[in-house]
Amino acid sequence: MSDRPGPEATARLTRWEQRTEVPLFVAGLLFLTGYAVRVLAPHDAQPWHDISLALVWSTWLLFLADYVTRLRLSGLRSRFPRVHWLDTAVLLLPLLRPLRMVQVYQAVQRRHDRPRLDLYARVMAYAGMTAVLLGFAASLAVYHLEHRAPGASIRTFGDAVWWACATLTTVGYGDATPVTFWGRVVAAGLMACGLALLGAVTGSFSSWLIQVFAREDEKRPPERG
Amino acid sequence: MSDRPGPEATARLTRWEQRTEVPLFVAGLLFLTGYAVRVLAPHDAQPWHDISLALVWSTWLLFLADYVTRLRLSGLRSRFPRVHWLDTAVLLLPLLRPLRMVQVYQAVQRRHDRPRLDLYARVMAYAGMTAVLLGFAASLAVYHLEHRAPGASIRTFGDAVWWACATLTTVGYGDATPVTFWGRVVAAGLMACGLALLGAVTGSFSSWLIQVFAREDEKRPPERG
Amino acid sequence: MSDRPGPEATARLTRWEQRTEVPLFVAGLLFLTGYAVRVLAPHDAQPWHDISLALVWSTWLLFLADYVTRLRLSGLRSRFPRVHWLDTAVLLLPLLRPLRMVQVYQAVQRRHDRPRLDLYARVMAYAGMTAVLLGFAASLAVYHLEHRAPGASIRTFGDAVWWACATLTTVGYGDATPVTFWGRVVAAGLMACGLALLGAVTGSFSSWLIQVFAREDEKRPPERG
Amino acid sequence: MSDRPGPEATARLTRWEQRTEVPLFVAGLLFLTGYAVRVLAPHDAQPWHDISLALVWSTWLLFLADYVTRLRLSGLRSRFPRVHWLDTAVLLLPLLRPLRMVQVYQAVQRRHDRPRLDLYARVMAYAGMTAVLLGFAASLAVYHLEHRAPGASIRTFGDAVWWACATLTTVGYGDATPVTFWGRVVAAGLMACGLALLGAVTGSFSSWLIQVFAREDEKRPPERG
């Protein structure tokens, strides 16, 4: 939040970020697709395995190149990882990339003159989409980590998606739960992020509904009897 | 949100919607009743089976007729399904019809001079009723899909209602959970809608309570000692 | 909300309610105590059984007398049960009496010159206390209904209290759940009320915390460097 | 809230509290470390056992000394435990010490000229950190109380942390739940505190997100077409 670089460096960095945001988001979706193919394809399906590996590594190298470019443009040197800690985390754990979606969203909005949606609808759309993408990434990771564990209750990808739905909405039936250490770490991360995101969806929906009902009162002539 | 038709088409559409909203809501209740009879009646009870089938199909044809009329009145042609996507979804999945209740509510309100209830009470009433109707529809669907599945924990309609209560409130005990693919799809839909609706109920109740306590302060003379 | 009686009837009714609110609340606590003794005492403990029966019936007769007096004072006759539907429900199901606590709270506040607590603290205190009382009443009722049912997981009063905690907070572990029809009806009621009340506690706490942190900013001199 | 002492006593007490807050917080962390070593070290590891016992008791004696000093400085005598009931509870149950973090936070803030974080970010940081510390303390206590109980599902410290995550976020899978009386008491406390704290995190995140999206609208030129 402090340790800000000079205005020129900031301007260069902003220009770079505006130009690369959407391509990087597409790369993020490709990364997720590659990881999904890697996890879901049968283990002896050689071509798919190679394609997925190529996708995952090439997109990750793209992320690394972007990170290094921004580190050099920013002029922050060794303080960059500390100041841009979310970017550093997203580089190391590319499955967290959906968390950067608010920037993508802003980059897309900038090209339109006005927002096409109401404030609350935008918050709902952003938080809901991020939650869905994070839930999908967590389903893949948990399926990957769990499906061969002894005593696992998440044995198919369908189970993993079902588990992610029940976790994100905090319903938590408990019929499918991770049992390995890393599966539980992923689950704890999903709970923390999902709770905040779903809270934002719920809060915005509630505010939007109250707004709709309040507006309706104003349209009505105040006294008619 | 964009792609709006001309003012005449909008006026004609609005008049049609105001006139048909309440009859369509009654048709929606009849559809739900028909579906309930279809699902809950014993399978060899011939008269009930026929009655329910007639109810379900005739009300659905009514929905189709309404949809086609609105498509033609709107002058939007092939863009209609995209612009009115919620209506299209409700036509294809009539069990989602409770989601249109806000329009019914407005149509009913329009005939009174002023709302009879406080803003927050209206939001609570609307969101709560929609949640109850959706929960009932989901109970029927899940009971239908699950009660003969091998290894099912939802075997009676009572179990399905109990499951819907625990899911809508996000308690999620896990003593009754869907095990089939389509049962879980219905459950995920109920979680997503229910979470938002119950969040609206909770948020409005909280705001209403704070308003009640704040108003009480104002009535009190500020300094008396 | 409408169908209000004349101003004289309202004044008489208000006076009666102000005078009887606190005694009736004490009677409500006695009722709860009597019911607790009835449910928790061993079944062959004759004196306790008689005392509890006497307490439950005498307090209920008090509630009935109050209801009849208010019905007559109000001048509403047969419309009274419809207008005062919450009071009617509370008469028939005295375990719901905690829901009337907001009136008790106001009656107590009226005797002090100013509220001793902050707005949000008052909402939290009211909603929290109501939730605790409702949870206790529901624990008693569920223990009563469940502890002898075949296949029950709620076998001791401790289990019932543990179940009520997990239900009110929507955690819902599922290690103790009602299995009988009436047990599940009580549980569904607790979920619905508890969700709204706990939402009020959470919402007020959140607003209070934001207020505390915002006030701290104001106390600080805006520019010092 | 009332029963306040004279202005001199208050000033002396405030000075004492400002000076001791940060050392006491460090002592609280040492207490937690000591308790963690005590609970997690193997039972025959003599040096660790002695070290942890020394840490726990010496830090607790520090808390006691602080409490007695404040009791004497305040000039409240026997009314002190009632007026400062949270401090009394924290003295008797030092695992609740994270609840005092708001004071530590204010003491740290006082040394900076301005807060370095946005209002909502501060509320999120405070509530989130308190929730994490309380969750860690509850994990230790529940592991301590449960891991040798017959029929326990929390057998390792990892299970206890997993249980605390699922409880704090109200997911509540139910694959790991306390079975002893005291374990359930700790769990109920965690549910109550965690619910309020996590509600504050969610509420602030939601408000912050709405603020971010609203600010973005303002930056945009209102009419460009």
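Letters A, B, C and D mark the chains in the order given here, with residues in each chain numbered from 1 onward.
We take it that contacts are C-beta pairs under 8 Å (C-beta built on N, C-alpha and C of every residue); 3 or more make two chains touch, one makes a residue touch a chain.
Quick caveat, the model's predicted, so the values are computed rather than measured.
For the pairs B-D and A-D, the larger set of C-beta contacts lies at A-D. Using mean Cα coordinates as chain centres, the one most removed from chain D is B. Centre-to-centre separation between chain B and chain D, using Cα means, comes to 42 Å.
Averaging Cα coordinates per chain places chain A and chain D 30 Å apart. The set of chain A residues that touch two or more partner chains comprises 166, 170-174, 202-203, 207.
Across the interface of their complex, chain D is touched by residues 1-2, 102, 106, 109, 113-115, 119-120, 122-123, 126-127, 166-167, 170-174, 177, 181, 184, 187-188, 191-192, 195-196, 199-200, 202-204, 207 of chain A.
Chain D makes touch with chain B in their complex at residues 170-174.
Across the complex, chain A meets chain B through its residues 116-117, 158, 162, 165-166, 169-175, 198, 201-203, 205-207, 209-210, 212-214, 216-217, 220, 224-225.
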